[in-house]
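Next, two complexes with chain A in common: one pairs it with chain B, the other with chain C.
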Partner chain A sequence: MAPRWKGKGAEAKALADPVSKIVAQLQSSLIQTSASGILSGCSVLIAAEAEQTDLFSRACFGRPIVTVDKDKQWFQLSLEEAFFLCYSLKCLKIKVGDSSPKSYEELWHCMITRKETFSDLYKAYSHLRMKNWVVKSGSQYGVDFVAYRHHPSLVHSEYAVLVLSEGVGNDLNGRLRVWSDFHCTTRLCGSVVKTLLVLYINRNGNSNVSPLCLEKYTVEERTVSRWSPEQCREE
Partner chain B sequence: MAPRWKGKGAEAKALADPVSKIVAQLQSSLIQTSASGILSGCSVLIAAEAEQTDLFSRACFGRPIVTVDKDKQWFQLSLEEAFFLCYSLKCLKIKVGDSSPKSYEELWHCMITRKETFSDLYKAYSHLRMKNWVVKSGSQYGVDFVAYRHHPSLVHSEYAVLVLSEGVGNDLNGRLRVWSDFHCTTRLCGSVVKTLLVLYINRNGNSNVSPLCLEKYTVEERTVSRWSPEQCREE
Partner chain C sequence: MEGIFRGGSESDDEIFLQQANDEDEYHYSSSSISKLQFRKELSRARWVDGMGMAEVIEKKGQIWVTTGIVRNGKTYCSIEEILFFMEVGALCLVDDNDTCICLEDIYKKIEGKMGAYCLELFDVYRHLKSLGYIVGRHGTAWSLKAVKSTCRPVSLQVSEESSEVMTLGSADKLSIIELFGTMQINDMMPVFDVYLPNSRFRKSSPGSPNFTLYLSRDCPPSKAEIEVLERRCSGIPLKICQVDNGRVSFFSFDKVELLVLP
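Take a look at the complex of A and B:
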């Protein structure tokens, strides 16, 4: 399935301004201002400078939230987005309450405590982000993530992403276990013109007690499509 | 959601010729000819007389299959359809191979051996059929059944039916366990304009060793719909 660009010129616009470049700009801007966010529930809040507001939006991290604070635009980042900026891009510090910024180990522990599926979802999220896919929540489509080739204003999301894992008792394993769920998912993906991408996180026998485990996890990728015997017949 | 009739006059046509009447005609015709079917794999094959061919189609049991036999039209019934005609309507005998017709107990045993979820699916199927819903396979939509108010040529199916059960290790329990599956299912149902109907089969502590258990099973019905906060706001 080819990417579905939104209107004329969208593809050229995307090519002229690659996601990798925008993310690098955001990274360098956050480093220069020693940006920090605050962990709150299952998200991280950050007050962005004017330039950063633009970069957060263009790089598709978080969503702007309305506050009484007129001078600063606040952004709400998901745990995966925040940890990616913090741990993988090393451009964001994260605090819990009024304390000093947490170490990677402490943060990781906070996150897997708040969301038991965090380690596998983060592996999947960072795996796609590292390849310059724009990754957003897929809850609207009943999947874990949706992946875009570029900014959602320029292109429709191409992949509906489900993350499965071998982790015992892991909620991620509740999906695609029976045929009716498989049919339901591929049919829905078809009707919203997305390809189902299943990322299977193989922990290779490692636990999830530290972010160092991420390097030892591997990712198997499968796309799943409906197949119609009528379409494949002899003439 | 109101029933979606197919074209003008469809509703009047349906009212003039209720499903209960058509099924009663099929029942009496099958009794008169001492009809019998043959269990083959996960379906039951039956050679229909001319009048019965029409009644099978109008009552929506089975699907016609093409054979070299020009004098008779063969129908392929699902296990639920066949057992409903045999056990609930007492108008069809079922043989296995060349033997004499099987008793209800023997047939039940054959069916739960071939399909481990049969007892719960049959309870759901017969529950809806007894209330004069037309029930067909829902595999196209990733659910167990779809339910129509009348014949599919007159009306679109209104309900996508998922059957859940307390039976241990039962495949039926693989659905709706995680939120992403819930979202996926309700979103798909919305996009095909059906309401999700979840039938929860409560075995009330009874096993499934005999068809007599069916009377002891109870059915809880729930419809599940998406709710949008925007639609329910103050003016």
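Take a look at the complex of A and C:
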């Protein structure tokens, strides 16, 4: 399925302004200001400086929170987004309450305790982000994530992403277990013109006690689609 | 709203239309059930009990170009082929005494000949065949010539030895279950090798099928299972079908590598 750009000029605009460049700018800006966020529930709150506000929006991290605070724009990041900025891009410190910033190990522990599926979802999230796809929550479409080729204002998301853990008994996400799940998911994806992308996370026998384990996890990408014999009679 | 194809009110209509199409098959009156066009060309085949197949004794029309296997100059057709062409009125099946065997007797026979998933297999066969696809049993050569002049991958070749078995001189039955019993993986079995509709198809040189079709009997496959099947198909694409009360669905699980974007 070809990308569906939103209107004339969107594709050219995207080409001229690659996501990797925007994310790199956000990264260096956050490093410069020694940015830090506050872990609260299953979100991380961060107050962005004027310049960062624009970068957060363009790189598509978090959701802006509307407050009366004139000097700062607050953003609410998902656990995956926050941990990606913190651990993979090393540009964000994360605190819990008034304490000093958490170490990667402590933070990892906090996150897997708050969200049982975090380790595999994070692997999937970072896998896509590392390939410069824009990744947002897929809850509106009943999937884990949706992946965009560029900013959602320029292009529709192409992939509806489900994360499946390989190996017996440890698939906490519990998706696509019976055929009716496949029918349901492919039908929904079809009606919103997205391709169903399944990311199989294999821990290769490693635990999830430390973020260092992530390196040993592997990701396999497969698209799952209905084939229609009525429409595919010719090559 | 993001993602809806044409946006606005049209999308509601589309959903409504889609639903209407899905429910088209439920008829309030029997007169609206579609009827097949009467065929005037009737082929004849004789049931060979020991083989679980029928020998074609009178060929009419073009159907035999893509139906039945050729052994020792004779054409034999499988239970699903017999049933399909009997349903459309293109084949008359007779027993040793040249008495016609009726559709009802065939419906009774298939349970024994195709195993427990007989009707599901037949649903799949009928679905593809009626759309013009060329459908052969997985792993069964169309003709022995095809085996010799083969261009198929090694693993799909039928060895001389096993093709001897398929000359059907012996009393060997070609029951799908027997044939695939050893090849079955967990819940899946390879059922058909499928070619796209193609007027130049020759049984003597069929080429590689466009895909091998697996029938899922209960649970969808895990990734590990798909990988085993892929290795077994050695390069020929695979699709998995699932049958729910006569409704056949086909799924592809394609390994992809997502682009690294700029």
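What we mean here is this: the second predicted complex is superposed on the first by the 225 of 235 C-alpha atoms of A that agree within 3 Å, B and C clash if a C-alpha of one lies under 4 Å from a C-alpha of the other, contacts with A are read in each partner's own complex, and residues count from 1 in each chain.
Just so it is clear, contacts are C-beta pairs under 8 Å (C-beta built on N, C-alpha and C of every residue); 3 or more make two chains touch, one makes a residue touch a chain.
The structure presented is a predicted model; accordingly, all values stated were derived computationally and were not measured.
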Inset, instruction - Could you say whether A:Ile94 touches chain B, chain C, both of them, or neither, answering first, second, both or neither? - result: neither
Inset, instruction - Name the contact category of A:Phe182: first (chain B only), second (chain C only), both, or neither. - result: both
Inset, instruction - For A:Ser191, decide between first (touching chain B), second (touching chain C), both and neither. - result: both
Legend entry - Touch count on chain A, higher of chain B and chain C: C
Inset, instruction - Considering only the touch criterion stated at the top, classify A:Arg226 as touching first (chain B), second (chain C), both, or neither. - result: second
Inset, instruction - Applying the touch criterion given at the start, work out whether A:Tyr200 contacts chain B, chain C, both or neither, answering first, second, both or neither. - result: second
Inset, instruction - In the overlay, answer first, second, both or neither for which of chain B and chain C A:Leu39 touches. - result: neither
Inset, instruction - Return first, second, both or neither, reflecting whether A:Leu77 touches chain B, chain C, both chains, or no partner chain. - result: neither
Inset, instruction - Scan A:Leu162 for contacts with chain B and chain C and give back first, second, both or neither. - result: first
Legend entry - Touched partner set for A:Tyr141, first chain B, second chain C, both or neither: both
Legend entry - Footprint overlap on chain A, where chain B in one structure and chain C in the other make contact: 141, 177-179, 181-183, 186, 191-192
Legend entry - Interfacial residue positions of chain B with respect to chain A in the complex: 138-144, 162, 171-172, 174-175, 177-188, 191-192
Legend entry - chain C partner contacts - residues on chain A that touch it in the complex: 15, 18-20, 128, 131-133, 141, 147, 149-150, 152, 156-157, 159, 164, 166, 176-179, 181-183, 186, 191-194, 197-198, 200, 220-230, 232-235
Inset, instruction - Note which residues of chain C are touching chain A in the complex, please. - result: 2-5, 15, 18, 127-128, 131-133, 196-197, 210, 216, 219-220, 222-224, 226, 239, 242, 244, 249-262
